[in-house]
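Order of writing sets the labels: A, B, C and D. Residues in every chain begin at 1.
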Amino acid sequence: MVGYAFMGRAHSQAWRNVTAFFDLPVAPAMRVICGRSPEATRAAAARMGWAGHTTDWRDLLARDDVQIVDICTPGDSHAEIAVAALAAGKHVLCEKPLANTVEEAARMAEAAASAAGKSMVAFNYRRVPAVALARRLVAAGELGAIRHVRAQYLQDWVVDPDFPLVWRLRKDLAGSGALGDIGAHIIDTAQHITGQDLVGVTGLTETFVKDRPGGRVTVDDAALFIGRMSGGAMASFEATRFASGRKNALRVEVNGALGSLYFDFEAMNELWVSKGGGGFTRILVTEPDHPYAGAWWPPGHGLGYEHTFTNQIRDFLEAIATGTDPSPSFADGLRVQRVLEAVEQSDGAYKEITR
Amino acid sequence: MVGYAFMGRAHSQAWRNVTAFFDLPVAPAMRVICGRSPEATRAAAARMGWAGHTTDWRDLLARDDVQIVDICTPGDSHAEIAVAALAAGKHVLCEKPLANTVEEAARMAEAAASAAGKSMVAFNYRRVPAVALARRLVAAGELGAIRHVRAQYLQDWVVDPDFPLVWRLRKDLAGSGALGDIGAHIIDTAQHITGQDLVGVTGLTETFVKDRPGGRVTVDDAALFIGRMSGGAMASFEATRFASGRKNALRVEVNGALGSLYFDFEAMNELWVSKGGGGFTRILVTEPDHPYAGAWWPPGHGLGYEHTFTNQIRDFLEAIATGTDPSPSFADGLRVQRVLEAVEQSDGAYKEITR
Amino acid sequence: MVGYAFMGRAHSQAWRNVTAFFDLPVAPAMRVICGRSPEATRAAAARMGWAGHTTDWRDLLARDDVQIVDICTPGDSHAEIAVAALAAGKHVLCEKPLANTVEEAARMAEAAASAAGKSMVAFNYRRVPAVALARRLVAAGELGAIRHVRAQYLQDWVVDPDFPLVWRLRKDLAGSGALGDIGAHIIDTAQHITGQDLVGVTGLTETFVKDRPGGRVTVDDAALFIGRMSGGAMASFEATRFASGRKNALRVEVNGALGSLYFDFEAMNELWVSKGGGGFTRILVTEPDHPYAGAWWPPGHGLGYEHTFTNQIRDFLEAIATGTDPSPSFADGLRVQRVLEAVEQSDGAYKEITR
Amino acid sequence: MVGYAFMGRAHSQAWRNVTAFFDLPVAPAMRVICGRSPEATRAAAARMGWAGHTTDWRDLLARDDVQIVDICTPGDSHAEIAVAALAAGKHVLCEKPLANTVEEAARMAEAAASAAGKSMVAFNYRRVPAVALARRLVAAGELGAIRHVRAQYLQDWVVDPDFPLVWRLRKDLAGSGALGDIGAHIIDTAQHITGQDLVGVTGLTETFVKDRPGGRVTVDDAALFIGRMSGGAMASFEATRFASGRKNALRVEVNGALGSLYFDFEAMNELWVSKGGGGFTRILVTEPDHPYAGAWWPPGHGLGYEHTFTNQIRDFLEAIATGTDPSPSFADGLRVQRVLEAVEQSDGAYKEITR
């Protein structure tokens, strides 16, 4: 694994616990973690259960006992590490957004297409059981032709103008702001659940607080966009870090000719489904026949944020073991990147999304 | 009153009951109702409590004992009746949208500006106690600088492709579809609560079902638009009649630097408020110090849809009696009309809203 | 009508508006209202739309043009007025609880049984569309054998120890406290929805604040009781005026072998239903085929507290016009009274409810 | 650890992950797991991360490298194992209910009082951050004098009469049914949050389905009871496995003179709090200053069922390391057992709870 911060912790938990819940043909061994600070990396290795640690990610590629590279760094280093790892014959799991630019993402997708190893981009919210159930319902046609997708990702951690200039607020490191960080998630979630791709968008972005302790904010605070999807659906999106009181509200509502569904990550064990114009049913997605849920606890005993990563690792390992292509692929990540770029360039004008 | 259908019934209830709850310096007498069908109008008069009935709206203008004309007809006749009524010295209450075109709305606003009578456009949702409380909180600065308005009006009554071509689906009568019918409400509500006007929008509209029993649908089924507001807020709007399972979900969320609020008309007695980034509080807007609520029932004994009209009539009569200008004015209605026009013409391009 | 306070206002609204929404074979005329204070009664008559007023309820009985007597006074006068009105050949609608004692209630039920006029006790919550729908679902067997009823009526208007000694806190006037005032409602609601009678209860009551400005509190602040029902269900009840933050939370949950339902009056337009162990569906009880709802507004346009009374008057008038027995009868009111008495006397011991 | 089924899995997860999130002065080593079936125990050890396995719990007591014994067996073996483990100088964590009878529980509490090792009963719901926050609010006086506790634990896994006779439906193994299994949790939770003990109860129990595939049901399906608490609060409880559609709804509402709170485990990351009679605020209990939450993820990234056990192990290890007494103690477990016995014997009569 490369990176040991927020995502590093989440991924480590997943690697460490996946076999306690899922029967898998392979069992991961947590060989080595890589970070820039030697001490912090050593401490992270001890705490999170990694056998070794290093400060040079190239070490991982050189080791024969490392077959998988899990990239949990900021977006600016994704392309370099991923392309090299794939070239070294490794399987690669890469945090989202896939890259900071379309150009980088395209290189990564190209590398993935011709590599021997498997590759996957870590849109972990696909692995929320409720989101997976949503996808299953739409794919089974239970909602009929999809008319609307309404997706929001609302946070509030930079509302305070005195909040400092962390790396996520710098374009050179993060690529974009709310748009790439959380907007990427709702683009992927909306496309994944509906099975439709965005074909065009018009959007607006805004930086409400332009100067913070530490310097100039060079990314967006909020991004709003609407668009058309490949199957005829209308889509609306809003990603913001200025929704006071909303902590991690990834929400998506889908309206189809035969029914609708609604999800909010702040109540992650619930999926709301309406059929035939009737009321919305609150489904606790903890039943044995619900996606992933059967591997965990009895009905009504919910999962937490962490477990989206465990489910994700399960799917990645399953794909590697069975020789199938994991999803979402780097190509999927590139497609999201193209939408992000279109929104960034839109400034209120309609942009078609090239394939 | 002109018109006796859905809006006619709602307004009649309000005229009939307003003095049972509010102490007013004037008491309305329900003189005469006008409709096209003589029998239906006579029956409506009897059922709703109107002393007389007629099939010619000009009769109302000729009568000295009629001081107020309440226009509850489809949008295509608003301008003619309203301008004539104002010219005849009457006070005019007109259903929304103010007109079917900006040109008509502009004529009405002009007439209103120079008339002796008072005029008001019937955006009744302003008179939901929870919406009025929302406005009060923002105006008092309790939410700080407003960053986001997120408004939706979701219905589902035309999801079935066999639903026939009623007048609301015909451009010649209704002007537009979801956009003018329910989109107008959320534009007004968003502007009213925030105290900011939309200064530019980019939008998309769609007609999902183009042919229905009875003929060609000539209005939009859904309209999505995003925009910028005069005070720096970002706004997103979605009006649709294709949100299966959503019956009358007028929703608005406002995020400010100091707090947020949320309202959904399907739970019309509730306003959700967050302060300082904390959780959202579900306020039952039925306390004596809440707008309008003190005139009604004890705490926890909620109001219904009908009562938004009673509250509206109360405010209109109060303005007439005290010689103040009722709000929203025809000028406010015109401003909404300009937004509607901009959305209709946008097709994904950014349109500035002229004052 | 006798009484012009809270209930008098609510009933008056119902009498005044019932024919604007319901097609009835008879139309009520609001002849005369009776109260103790001449001025207040005159003012109430004017405001609420009564043609005449008096301070002696016997006047109503003497008038040939009064066929219905609606009793909205405190419980201590119910028996005298109702028995006399029935003896005078009037139809009688009486506020709940039917009386302050079982003895009074038994006399009233006896009088009703042999009277020519129709009689009904005003458990208005039966006329909430959602409650009526709940009853319909259980009666149709959709929930299977009923196992549990869980009913609460939570208010908070006397939490403040400085709240004064109003009539509802005096045993001589009100009979009992939370128990008879709001406990009576949940007993009736639970029995009505399930179609089962309570056959035994064990209960506890408490007066948290025993002295208030104005004197000694002589009724209970809260009553808790559990019991067994005639069809084998287990029932639990809690009525309190000390549930801070709960304004008028009449709640009932019913669990059956095939499904469950849940209702809370603070969201009175919603009924939550679960079938076959699945999630709970939030039904907006505003569809044309829902009880009462078809007479009112389009789907999603909810009713308010007031309209439970309109629906009640509709049923009462319908019964009178068609010569059927309105429900709940005085006998039903007596049965509730027997439960109240059993709870009052229980002090933690099990009491069987005599028929 | 003794036992490897449902609770064994949950506790194992906690032992394995606690140091990845909490900084503790001691780090647990997972030495040996004990079960009756050699193969199943071996498999459980491998899957859950235990170094060794055995079929005789006495082996654990004989090992010097085992300092803690975690008892996850059915209630009938708790007393024997716990008393022996304490006599052997081990620290003991024991699943709830503490025992199947008051006599057993009393012996355990006595053993704990005089033992060198620490002991704790595993009422894991105390370690839900929202429940811990509730306790903190009440202890700080923010709700004022507590008037009401209203606790329910609703499940539905035996609604189907064809569900077989598992061990939890047999009195010889489980002691009691819903009462001891889930009723014990709400008794502990109610007493813990309020800081008041139950001083008397009156209750009713019922077995709705008496014969099942596999034999006679010898425990209750449901238990309802109400009571008085040491601080003057009134309490109501309902534990049932027949609440169709409710999966794991441990709910508690507390009403105090200054405010109220509400919790439902089916939405375990939320605590609803009302202050001064105002609306209820939905607090997402994921902020850094919330109990336990700071050790986990950023705000809005919720925990799952599993993590209540991790938090519990953290507290147990902290107590052992610092030489303080963990809570809830075996004496607390005995007190709950006395309430269970009183409810079982009540049959509608009031029973005082002896200390």
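Everything below uses one rule, namely that a contact is a pair of C-beta atoms (placed from the backbone, for glycine too) under 8 Å apart; a residue touches a chain by one contact, two chains touch by 3 or more.
To keep track of the chains, here are their UniProt names: A, B, C, D = Gfo/Idh/MocA family oxidoreductase.
Computed from a prediction, not measured in an experiment: that's the story for all the values here.
Colleague: From the centre of subunit C, which other chain's Cα mean sits the farthest off?
Modeller: A
Colleague: Could you see whether B-D or C-D has the larger number of C-beta contact pairs?
Modeller: Looking at B-D and C-D side by side, C-D shows more C-beta contacts.
Colleague: In angstrom, rounded to a whole number, how far apart do the mean CA points of subunit C and subunit D lie?
Modeller: Chain centres of subunit C and subunit D, defined by C-alpha means, are spaced 41 Å apart.
Colleague: How many angstrom lie between the CA centroids of subunit B and subunit D, rounded to a whole number?
Modeller: 54
Colleague: Show the residues in subunit D shared as contacts by 2 or more other chains, in ascending order.
Modeller: Residues 246, 278-280, 284 of subunit D touch two or more partner chains.
Colleague: Give every residue of subunit D touching subunit B within the complex, in rising order.
Modeller: 278-284
Colleague: Touching residues of subunit C toward subunit B in the complex: what are they?
Modeller: The touching residues are 6, 9-10, 12-13, 16-17, 19-20, 47-49, 155, 157, 246-249, 265-270, 284, 286, 297-307.
Colleague: So in the complex, which bits of subunit A are touching subunit B?
Modeller: Interface residues on subunit A, with respect to subunit B: 143, 147-148, 150, 152, 154, 156, 159, 161, 200, 202-204, 206, 208, 222, 224-228, 232, 234, 236, 238, 240, 242-246, 253, 255-260, 274-280, 347-350.
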